[in-house]
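Shared chain: subunit A. Partners: subunit B in the first complex, subunit C in the second.
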Partner chain A sequence: MSGSEKVLVALVGHPNCGKTALFNALTGLRQKVANYPGVTVERVESDLASDLGHPLRVLDLPGAYSLNPQSEDEKITHDVLLDGMGTDARPGVLIVVLDATNLRLHLPIALEVRELGYPICVALNMIDLAEAAGMQLNVKYLEEALGCRVIPTSATRKYGLGPLVEAAAKLASSEFDASKTQWTPSTREQIILRRKSVEDILRRTVVVPGHPSLFTTRVDRFLLHPFLGPLALLATVFLVFQAVFTLGAIPTDWIDGVISSFASWTRSQLSSGMLSDLLVDGIISGVGAVLVFLPQILILFASLLILEDSGYMARAAFLMDRIMGRVGLSGRSVLPLVSGFACAIPAIIGSRSIQSPAQRLATILITPVTTCSARLPVYTLLIAAFIPNTVVAGLFGLQGFVLTLLYILGAVSAFVFAGLLKAFGLTGAGGYFLLELPTYRLPSMRTVLRGLLDCARAFIVRAGTLILSIMVLLWAVSTFPRPPEGATQPSISYSLAGKLGNIVLPVLEPIGFNWQISVAMIPGFAAREVLVSALGTVYAVESENSDDGASLTEKIKTDWSLPTALSLLAWYVFAPQCLATFAVMQREIRSLRLTLLSFTVLLVVAWLAAFITYQVASKLL
Partner chain B sequence: MRKTLKELPRNTKARVVDVATGHAISVRLVELGFMAGEWVEVVHEAPLSRDPIVVECSGTRIALRRSEASLILVDDSLECSGVQS
Partner chain C sequence: MTGSDWLIVPIVAVAAFVVLRKLLVGQSKKECGGCSSCSRKKTTAGH
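Entry: the complex of A and B
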């Protein structure tokens, strides 16, 4: 390790030790998410300013109870500490993060990690909560017993961060040869011995044990109550969705207004012609159609982050485990599947925390059916155009009712698929459920904010790159070649897109799709929400001469029948129209057979669902 | 009396006697604090099926299914209960 090189400091600790909050407090809002070389595993790190000693980088490792990995995310921590997963990812210093309020559970990993020989120091985190509980700790003695610096910290109060960085920087200049690290999995005797030495250390470290917090016990008496618990869970889900659709609609309307005035301003500034069409029809309306959903996605994401950070998600997992277990999943599948309502990709990656390989596989395979936010633009467009907003049973608006129905259909299908996977023995047997229920805590605003910033950044980058390029490409293929002189049909039917649409039309005609839908469907495989922008482009290009100014909603309302719209909704519940999801699935499960099977089955099911919907609706309506 | 944690009634304290080896999570149970001599208590049962359960063990709440709880042998006899640590 050369002198000027930045030394990598890794944070190690249990899933509930406040490690990520500490990382965020140390680094502010400028983290970098990268992949390990060779293995595509997320790695979160950031540069750290330190006045003393070495320049540092900080790495936030996935939470682990020990070095004996029980799940994919714990395996990452194990692999990084033992072989670095590629040379530059090998840490030079470890900070072991312990929850000061529960040292009995947290200290063993400090003892285990110490045996690896890394230069280490300990962050005695959440010291503010320990003190509030009246606990008094002899930090000097703990330092003696562990043979390293122990720094009391509080991520939420930004307490002890300076001394922690200072200690890490001092360790960074010490000589350490990581290649000499030796490790063998701990035997049960070693684990028990370690717990025994923890008891010895605690006898002299804990001067006053403090009173245990009754808050969590009291809240759990209500939230885990056999009758009130499930009601509270339902109410929580209901509130989250209300927030997404009512609160989220307000900024959505503003963004929509800004985008349409920007579009008409742009059109007024340019002489009508191809450039104006490309800018307005292709780029502004295409990217805009996607951007308007940002507020709703952010509200959903914020709710999930708050539920997770407060400790409630673990309770939801406990309450749901029985139902999940019936179809071969576990309570641990709840968090990934719920985050699938935002996006399937983080949901699939989040499944790494599921310990049982069979349950993890089942969770990943059913994730594409959960109603991700990219379906929302499509649902919203079709519902606004075709479902009258009448009041049903004096309570629900019909539009909201249909939307809820689509979400329920997605969730029920996920369960049915999981059951089928289990019945066909594709996901294997051997499931279990084991989960620590953490103490309830106020969610860290910094953690929530950072999560939201990352989400918004990813979303805007996606709209600005992937979706922008698709829209330009789609505009080009639906404009060229130009129609011949004296053409009678709309010019788009002479273009490449028109021809492509006509090729796939025979497959899609039985389910009621016209060629405009067929054309828009093709880029829709890159990203679901593109369908809305693509339909906008196709219809805008089609009606280029008769600039009637009608909105897309009005255009499809006059152009499509109700059965066609319903069939398209049914198609979108199942269709595997997000290739990125399947790329990530393949990366995580490493089985091309199952990934392709999942894709094909969903495609067939989508077609059948749309077919049945179209045929039944055509007969009835 | 010796029984597995699976059969321990709610709100009854017992001491861990042993954790069965050989299951995928045997080691993790020990790491989470299920060791001979530790006090455990079933504090919550899931709705309807009363499975999974939440067990309190040395200040930590752990949710697990009854099938996993059957790996843990406990003793809830009175002479064992003595002074609660």
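Entry: the complex of A and C
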């Protein structure tokens, strides 16, 4: 049976009720899950896992508080249920996912969806947490009240999946014509009536209400405190970046040693010539230069995943709401912006969960300034080369402190840009912010490890495909044309890259960049971390003796001045060096004018920041 | 260029193909979040 013949079973429910966790459990896929609302902003579908024994396809939809869409992601759910988003692929069965610990909030969507006429069943999810909180639910009565099967489930523990699939499969065999589905926005009277029904249902369903999580209440008293809360947030950020340096140093040195040994071994195995130069100077030096930063990137991702899964990220959004309001944003923008620490692309897509179009636009436009993980190799390389590894006040490392400052500078810049957008009338005033604060929980080891595995795989695949290919091309343009007979300068000076570097140099010289940086900067526009690889290749080709044992860190330490390094750091806080980010920005805001404007403004600001940094540092240092 | 040095020609050609493909085709479906509703048949507008 082909995928198109299988009945589509859609998961519908509030944000953060565990739809994606259930989807992953049913399909065996690994879509991103986290303990805060608004993680899923796209529709994703896949076949039901074969061991569950039914030929069904499962569709995960973004969370929605009602069928009347208030944001782009809720609109997806609305469109899929009401017109299949213009395709034939409308669901044949709906599984309404409810958070068993918070039925008062979640039941209204079940009643609203029921009115559409779809065959439905209910997954009473997080039943394990409800039981742990001492709740007792009368599932039989809930079934009677909703007029459909209600199956207690725990997606994370894979509990109740068999009965849920059986119920969905049974519904799938019934006759249903989705094209006859009708929907009109609920009137005030309908909403009030639904609320009354919810209260009636709750009275007989919740036998014992259970007790709220005392742990969450107590911890929130401290973490959401108006004064202590922001301090705890700052301390958390600081600890993460200290960990990036202190914990990352040992495996980074180890990988660096392995790559150097591999380069020497490769050169010793090949007769000297162009193939040897390409493999060692182009590929191993270039790709190796960025691969050594894998441990640091994994530590950053692990920290983000733990904070997301514990429920703290939603608190960070809550804490930032008041500050964000001053620049026309709200705490809602914080969640996608924080995910921008990993990568700007999912952050831009994630902004679909923001209800206000003006706030969404502002969030997208400032996202490229948030410090994505691709900047980490550049920052780490420069900090390791130029900032002494000393302990300040006997408490923290100076290198980690400088890294934290760079991240804070990125966040402050994003805040200033948002303020400017508001001042120029491009975005509106900050709106209200409602956020369901999830209960704290111990981060799931499986979620964190899977996230890390995906991150490591994506990083290595990227290094082994795109970055490797760019390095091969960079080596070629750094090697050809060959120097003339009797040439006195290094051969790279006569190459195409050398000439290109000299053409760009007049623009970059006032900000302290040498021609090696100028050459590496050109491919660096494909992606930020490519600069590090490109520097590895350019210095290897230039030295024409890359097995001298000197690492890239040592080479730039002897070749660059401190003002040049600081200038490059300032450049990288703002520079729009990721074309994919702007491609996604254009797709999401559908305005080429604004996308180009954003790119140009960031480029000019990057140059000015680097210029001021270089000139001031040259005078002072 | 002699002997094995000629091997750099196909290596550079493949690298150029990979980079050009990335530039022309743009983001892969996997990188855009794996949304199956567009399947490259229509734009991703609206979802």
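Just so it is clear, the second predicted complex is superposed on the first by the 547 of 621 C-alpha atoms of A that agree within 3 Å, B and C clash if a C-alpha of one lies under 4 Å from a C-alpha of the other, contacts with A are read in each partner's own complex, and residues count from 1 in each chain.
The rule is simple: contacts are C-beta pairs under 8 Å (C-beta built on N, C-alpha and C of every residue); 3 or more make two chains touch, one makes a residue touch a chain.
Please read these numbers as outputs of a predicted model, since none were measured by experiment.
Undergrad: In the overlaid three-chain picture, which partner chain does A:104 touch, first (subunit B) or second (subunit C), both, or neither?
TA: So A:104 only meets subunit B here.
Undergrad: Is A:272 touching anything from subunit B or subunit C once the two structures are fitted on A? First, second, both or neither.
TA: neither
Undergrad: Based on the superposed arrangement, let me know which partner A:226 touches: subunit B (first), subunit C (second), both, or neither?
TA: After superposing on A, A:226 lies in contact with subunit B but is clear of subunit C.
Undergrad: Just to be sure I read the superposition right, which of the two partners does A:261 touch: subunit B = first, subunit C = second, or both, or neither?
TA: neither
Undergrad: Kindly classify A:192 by the partners it touches after superposition: subunit B alone (first), subunit C alone (second), both, or neither?
TA: first
Undergrad: For A:553, select first, second, both or neither according to whether it touches subunit B, subunit C, the two together, or no partner.
TA: Neither partner.
Undergrad: Would you check which partner chain A:345 touches, where first means subunit B only, second means subunit C only, and both and neither mean what they say?
TA: The second partner, subunit C, only.
Undergrad: Taking the touch rule as given, give the residues of subunit B at its contact with subunit A in the complex, in rising order.
TA: It comes out as residues 21, 24-33, 35, 43-49, 51-52, 54, 58-65, 67-68.
Undergrad: Mind listing the subunit C positions that touch subunit A in their complex?
TA: So the residues of subunit C in touch with subunit A come to 1-5, 7-8, 11-12, 14-16, 18-19, 22, 26-27, 31-37, 43-47.
Undergrad: In the complex formed with subunit B, which residues of subunit A make contact?
TA: Counting only subunit A, the residues touching subunit B are 65-66, 68, 70, 102, 104-105, 108, 186, 188, 191-192, 195, 212, 216-217, 220, 224, 226-227, 229-230, 314, 317-319, 321-322, 325, 331, 355-356, 430, 432-437.
Undergrad: Which residues of subunit A touch subunit C once you look at their complex with the stated criterion?
TA: Result: residues 31, 42-46, 75-76, 79, 85, 87, 89, 270-271, 273-275, 278, 345-346, 349, 465-466, 468-470, 472-473, 476, 526, 580, 583-584, 587, 590 of subunit A touch subunit C.
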